[in-house]
């Protein structure tokens, strides 16, 4: 048995949770790791400061896809503030296997993409004069 | 006793033969070895294809100065054709001490400068329509 | 387009063979094991090669016994260092049959060599509307410097396309030459497809159209006989670290009159003849292009590598690697169900194979192989546009060298079956 | 102008001393003898330094045991190589107190670092009529790249003159700053005069006048504590091979926002994020500036050198070399009749002494010393304009490092008396 490719990781890779598109995401971002060709689009449906819905599409290695699957499960229903506070180490704990330095970028791409989506969303709200209503976009 | 700095080399360095200027050289050239600051001006008085007079000025290390002193002795009275045929090895034989690769440029500066003076002179004659009379210059 | 320049009429038809099992003892790293006790199966030689003892000791010998600076020292150690450094020039010239060691400019790697030409020759010779012809299979090193150049000068890039088999299309090359490009720059051997391009024929065609030719030999010089005179190239570049030499070594070869006409690239010590506060004069070729203290240790190591390769005989090296790639192209499709292999048939390629397993990202392939001590590369191999051309995000690549043995290709096949098993369990 | 930046308020007033006799055993070359059986008296450390075992073994260890390419490999050996390479960045950052390892760009040597800044920052920021202020005591590496730049951009160079003692004239610097130069570039320590320039004060003055500051630390980093933040510099460059590291190693430090705003210098693999046929995007700093396979072995060796120096303590190193130069400046005039010594008093200088013997060319001096195993440099030391300033064709130079001992200066004095004897017999 391979430490890195445990059954549940492969399971998440083969049948990722929350894989698909949101019809009207309030925040979204396409993140990529051009060096390996990993590419993930994260879509979030936020209301009242809570991540109500989340979905992702993309292609990439087992680590990046399983990481996105696990992360989306984790953040659904959490407050934006809590999601923003999530650290790479927390995600790595969630993934639960040992990631070598060369694969860190793969493992963290999902979190990085979520962070970008949230930051873009926050910036949009500032621009819109602090209005609390996300404008929804892709 | 030092192999490289034999008495006759130092003698040539301290009291170089043919050191000075020709009043009306038919060919002359200033050669230099900027890496060490060696600098030699060779002046030749050529008539009927024979080096009648030769003098040099300059400053530099013992090797380059002794080499110029020995070389000028050697070529005085020789035909231009013979001087042109002189090889670096012949000059090194004349110097008679072992020259390390780093000092070769010092040792050969004099010959190099003579060769340039002769080449310039020949070029001038070609320009002047093959006339045998050197125009004299510095 | 078939290539005769690199085999040449005067070469033996039946080249001597290497004994790779025997020469493996020259490579100390091949007797190491990984963290799990697995012996090293190094199939990433196209990224960088392993180093034989002769090279390791050449570097170590300089560092231990005569680590002086060169060219200006009058003491024994400095003369020894200068001698060893300049001898490397002669060795490298011999390796690629350059007519004159003074045409060998030492650089860090192939990348620096190409940048040197782009900055020095390119900025002087490429003007508004001038075009440069490249190919779709270039390594980023032979693409991005030209992008920067044409951007600055408002010139154009054109690309020779490739077939689905990964071979250049000569009829399009012909058409592009009608644009009368100033330069044609192409790789002698592709680091992703393995394709060996017909360097001499392409050079002749380019010259007939009035273009100069730069050849990226990073994947050729380590693996086959290269004769820059027979090819007729104007610029030829390669890296020492891929030809059994140390990192930090490499060479640009160019015809003497080109080098002489080119302005300096970097400026500083050693590349000057005279310096005044407001103007300077340049040193002779090749020193004009070697500013500052060079990587003396590495270049001396590259000299030892050139000796080692010439000792083996480049015909024998090429024959050995042809055997390996023929073996791999036969074995892998039989032993690894579903494997997708890119690039041309063995006759047109050097010793490397890029591939994918269905539904498995090459990063995962490489990671699982690593546990068996098998080193392959996964990614775009610095050839993103080529991957785009095939609509691939990434590939895995196994690449060979003189020390590669068929048993390692067997191990790769076993490893790949294990990858499939894990992913399909 | 006196320099406090390099000692700083928080440093010990009585730094620990080195034991040079003890540490000499770390340098294998010091137990070799020359062709005549004379032990090595190496007084040419300003050209390049000797290498301690730790450095030799760091290079050898990479070549023997994990000689993989970096950044893209997923296998164990590649991760080890990447780790060692990136650790060097952190070590070098610590050595010069850079705030962030990502501000360390690896280059071949100080020369390449300066050329990088001249090409990348300079071509974008220097325009017609802009001026750059240098000094009369610059090494060619910090002069000729700026000549090329202002020639291309139609800018101007101005030079801070020096006194006959070899010290910069602050009042003229002040005046030149009224020209509002875009850049002030000067050497932290002169490789011919030994002068240590007041880097922090000069940087403050330059900044007050709106200029950026580049400091050539090639002769400073190996010999004294350097704190780029305390100095306040914008760019700081140095060579690994002069600080006990291997040839081929070196670093440019620059403030992050400068690096980020600068366009790439060389282009190729590793410095890109995305490449398409006609356009590319750049990688993050510092990778944007490291195109192609870097000199992995050499940079790892520089990391070992940085560790070695920090282990000794740069205060102790500086104190040791100050002792040596004080000793030499006292001994040589007493023991060597007629010797002419250039440069300032010991308090303003680092560990080197340039000199001439009356009526004897320095090449002859060096050649005769070589027979006694004594290595000194003779020539213009890549500082021709400085030699012109003093109307000198050449000088001889004895330069020190951590392994230099007073006995070697004694040997130099004896050797120089022998030179005089030979020439005056």
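So that you can tell them apart, the chains are marked A, B, C and D in the order they are listed, and the count of residues begins at 1 in each.
The rule is short, and it goes like this: a residue touches a chain if its C-beta (ideal position, glycine included) is under 8 Å from a C-beta of that chain, and two chains touch if they have at least 3 such contacts.
Every value quoted in this text rests on a predicted model; they were computed, and no experiment measured them.
**Q** With chain centres taken as the means of their Cα atoms, state the distance from chain C to chain D in Å.
**A** 32
**Q** Between chain B and chain D, what's the gap in Å when you average each chain's C-alpha atoms?
**A** 40
**Q** Roughly how far is chain A from chain B, going centre to centre by Cα mean, in whole Å?
**A** Distance between chain centres, rounded to whole Å: 80 Å.
**Q** Enumerate the residues of chain A that touch no fewer than two other chains.
**A** Residues 34-35, 100, 103.
**Q** Send over the residues of chain D in touch with two or more other chains.
**A** If we look for residues of chain D contacting two or more partner chains, we find 72-74, 78, 274, 363, 367, 378-379, 384.
**Q** Examine which chains touch each other and state the graph shape they make (line, ring, star, complete, other).
**A** other
**Q** Return all touching chain pairs.
**A** A-C, A-D, B-C, B-D, C-D
**Q** For chain B, which residues count as touching chain C in their complex?
**A** Contacts found on chain B: 34-35, 100-103.
**Q** Once bound in the complex, which stretches of chain C touch chain D?
**A** It comes out as residues 28-29, 32, 34-35, 40, 42, 44, 47-48, 50-51, 55-56, 59-60, 63-69, 72-78, 108-112, 114-115, 119, 136, 139-141, 143-145, 147-148, 157, 159, 239, 241, 246-248, 264-272, 274-280, 291-298, 363, 366-367, 369-370, 374-379, 382, 384-385, 388.
**Q** Using the touch rule from the top, collect the residues of chain B that touch chain D in their complex.
**A** Answer in residue numbers: 2, 4-5, 7, 10, 34-39, 59-63, 100, 103, 106.
**Q** Going by the contact rule at the top, pick out the chain C residues touching chain A in the complex.
**A** Residue list for chain C touching chain A: 360-364, 367-368, 371, 378-380, 384, 387, 392-394, 422-423, 425.
**Q** Under the definition above, what is the set of chain C residues touching chain B in their complex?
**A** Those in contact with chain B are residues 72-74, 78-79, 82-83, 273-274.
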